[in-house]
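Think of it as A, B and C in the order they're written, each chain with its own count starting at 1.
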């Protein structure tokens, strides 16, 4: 029994060692103490973290690290630590958990532009008005209005556009040409083109006229409603326009694409993931998708790819809606960190850098001056579709954001699904969506 | 004699408590405390996206009342019931079948075991993304295979309100059957050979042996697997995020997904906490019943 | 009862063939997702999947692997995952052994209540744990460390339960004989309880490994530097390309990079793995 006596000491040693491990395994990144001093000493070194998601097929981490290095060279007192945090949802979850767990949030984060009201109401983010007031007025005025439409709330500005995209219609220009068709200019010609380009072999469809994902539908539907004359959101942050003629027409048009024109598969479609590949491999003649997939489509397609905003209901009208993420400064950061974060925001949004980021990632430049840079001009000369994607933005209106966004969005999605799947009529579905949304928004109107 | 040993002599020795202490400390810190917190928070109105309800206000059982009057909650409970009642027995039956099959002394059986088992080690998000492609209407592998077998029904698995839940259930069964198989395989390999030999001498058929010997001897395994499968069925949602986001129109929203939605999308801490309590209560009732039934005999065993 | 299909006779041979075919047919069906992932990971990134073209596309290429490796520091992530798992296993083995021994060997007031309290751990969903556990980790000063990922799992209800089952199966006579011989509790544990429980410890360790190898939300929330993050955090870079849809070839390559080591380990050690379950009392 000699050996056994050693067991307990060994076990306790093991436990002790692990506890010691706990002691020495301190955070890799020393968190700066919470801001007590209000006067940021300009010379004092500051470290800020930037939480960011990756939503496109590009080495965002490498690109950002490159910018950070350049920023460090210009600002030796500021250290920026980019932290990749999953998708948009994961970034928000991480920040929420940090703040509610009593932790210190990063000074800067890239989150969805539409999260703005929730973030303000939760007290997570800081207004940028003082920073904006202290900088050149031309700076903020230069951002595209469609993007800035999701940056203000309660008379203040809360975010700066960063990685922004938009909804566009991609089409196989070769197929259109073959069929003797022009790119559509209104819903009627759009539906007609989709119908004409659908190919059947017996009962099987070998090519759809259009693929239009509807499993997470608000984004791709919004330009339909806008194209029918009325966006689903307006100036009042606690108001939505679901039960309108425009929205009913939009939904009916989508349903007609499958029911009447038989140019798109029936029912709720979860083809967001396969859409770009389907277009590239000729299994559909058109797709409704994000500008973010332009580069992957161009890489895969061996035909001429056309890009345009959605045609509106009336001839000659067009519509789109922006998407993507903005830069937010978190309220839990100290003043010195906020100032450093603002500096980094300005650095990231310098025209040359915006153009470079857009060229490398496929996002649309977020400010006018970026379109004037030589780099962007050279790029669009070689890739005219990128300019077409950017041009779609002049027809864009504010993306769907509202108080109580998560709940209201779920309501809208549910009823759109019910209408598409034939469980409810379009009119009933939108009336119910409006009623439920109004109920969910009621407490926010007081 | 040390003080420690003297204590041990008393009727109530501190020793067992000390032995349990490390486990208990970690469990208390990282499980019991959050659970108490959730129960407490479920009695408060707290909505992070409303400035005036950001700080919790006591509301008694208002969150529960709200839940039980909410159509969505009923739909969610209904879906959860179907999900559990569908995936648990099917996974277990398949697990048993697989275990019987790979328990043969056949050439290359190790590879077969690996093929049944590997979904266990495949991260669910990756697995679900791969399945998302399989479910693609028309040319997705799942649909082309089904068509080749004569299937003519709807192919839009994740967008069809009648199929979406089934789609996530298929992925769950595929993912878990191999894991449970391991436990059955262990049970089978530990079977007493002599009992089978005796039965064979008595002229028992294969089916009789299966019903009379194998099943009864695997009773404890089955009970064990049922418990972990049941708990697991409530705990996994990653594939729902990838495949359906709970849609269409909530048709594939289960309890834990709804909890996540309320907590991180609707920012409703009170209701999310109430849902947590509901979820724990459901699991507790099932597991306790299960344990109490299975442990009655074994209690006598404890010295 | 391994190999209970008796040899000889055409019926037996037929039976054996049927079994053989059924087994491998089913196994192949189960393997399709993996097989497809392997094939898809070798597709050129510029070749879109489409009707009738979902398997091989030529020329086969390793480009997806090189891109996946370039997009995330998998080397560091491997180290982190392994360190986290080793930490969890080392502590779990000790805590569950002691606790299971106490529950199996002793009678003491509140035993049943404490046991059920510990079992509660099986029931609480991770989503409900995120915020409170984050606060605890922060209070412990462990944020953004590998220990932070591991520490909530240091006590394991599952392991305690499994091991207690084995301990309960040990004949009481044996224990009593040990007590007569004057064995102290740790001697009883070491010489009577532990030897038959080793396979259970291995089996539990393997299932614990499989579980923690896959975990992703908690590590993502509790760490924010590559020095602490595990493999799954690298994988999410490929599953969440929200704006452009899924990149299956790239995702498949990344997934295979992540699971290949476990895959190989299982293939070589599956016999021992299953054997360890055989004696583990999970039956």
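To be clear about the criterion, a residue touches a chain if its C-beta (ideal position, glycine included) is under 8 Å from a C-beta of that chain, and two chains touch if they have at least 3 such contacts.
Computed from a predicted model, the values in this text were never measured in an experiment.
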| item | value |
| --- | --- |
| Farthest chain relative to chain B (centres taken as mean CA coordinates) | A |
| Contact-richer chain pair [A-B vs A-C] | A-C |
| Chain B-chain C separation of Cα centroids, rounded to whole Å | 15 |
| Mean-CA-position distance for chain C and chain A (Å) | 35 |
| Overlap residues in chain A, where contacts from two or more other chains coincide | 15, 89, 93, 96, 100, 273-274, 283 |
| Shared interface positions of chain B, touching two or more other chains | 22, 132-133, 138-139, 264 |
| Interface hub residues of chain C, defined as touching at least two other chains | 49-51, 94, 98, 132-133, 151, 236, 246 |
| Residue numbers on chain A that touch chain B, as the complex places them | 15, 89, 92-93, 96, 100, 117-118, 121-123, 205, 214-216, 265-271, 273-274, 283, 403-407, 410, 413-415, 417-418, 420-421, 423, 443-444 |
| Chain A-touching residues of chain B, taken from the complex the two chains share | 22, 48-51, 54, 132-133, 135-139, 154, 156, 158-161, 243-245, 247-250, 261, 264-268 |
| For the chain C and chain A complex, residues of the former touching the latter | 45-51, 53, 70-72, 87, 90-91, 94, 98, 130-135, 137-138, 140-147, 151, 183, 186-187, 189-191, 217, 220-221, 224-225, 227-228, 233, 236-237, 240-247, 250 |
| Of all residues in chain A, those that touch chain C in their complex | 1, 3-5, 7-8, 11, 14-15, 18, 21-22, 25-29, 31, 49, 51, 53-57, 59, 61-62, 81, 83-90, 93-94, 96-98, 100-103, 106, 165, 206, 272-278, 280-283, 289-290, 292-293, 296, 299-300, 323-324, 362 |
| In the complex, chain C residues that touch chain B | 1-5, 16, 19-20, 22-24, 26-28, 30-34, 36-37, 49-52, 54, 94-96, 98-99, 101-109, 111, 114, 116-129, 132-133, 136, 151-158, 160, 168, 172, 175, 185, 203, 207, 210, 213-214, 216, 232, 235-236, 239, 246, 248, 251-252, 254-255, 258-259, 262-263, 266-267, 270-271, 273-275, 277-280, 282-283 |
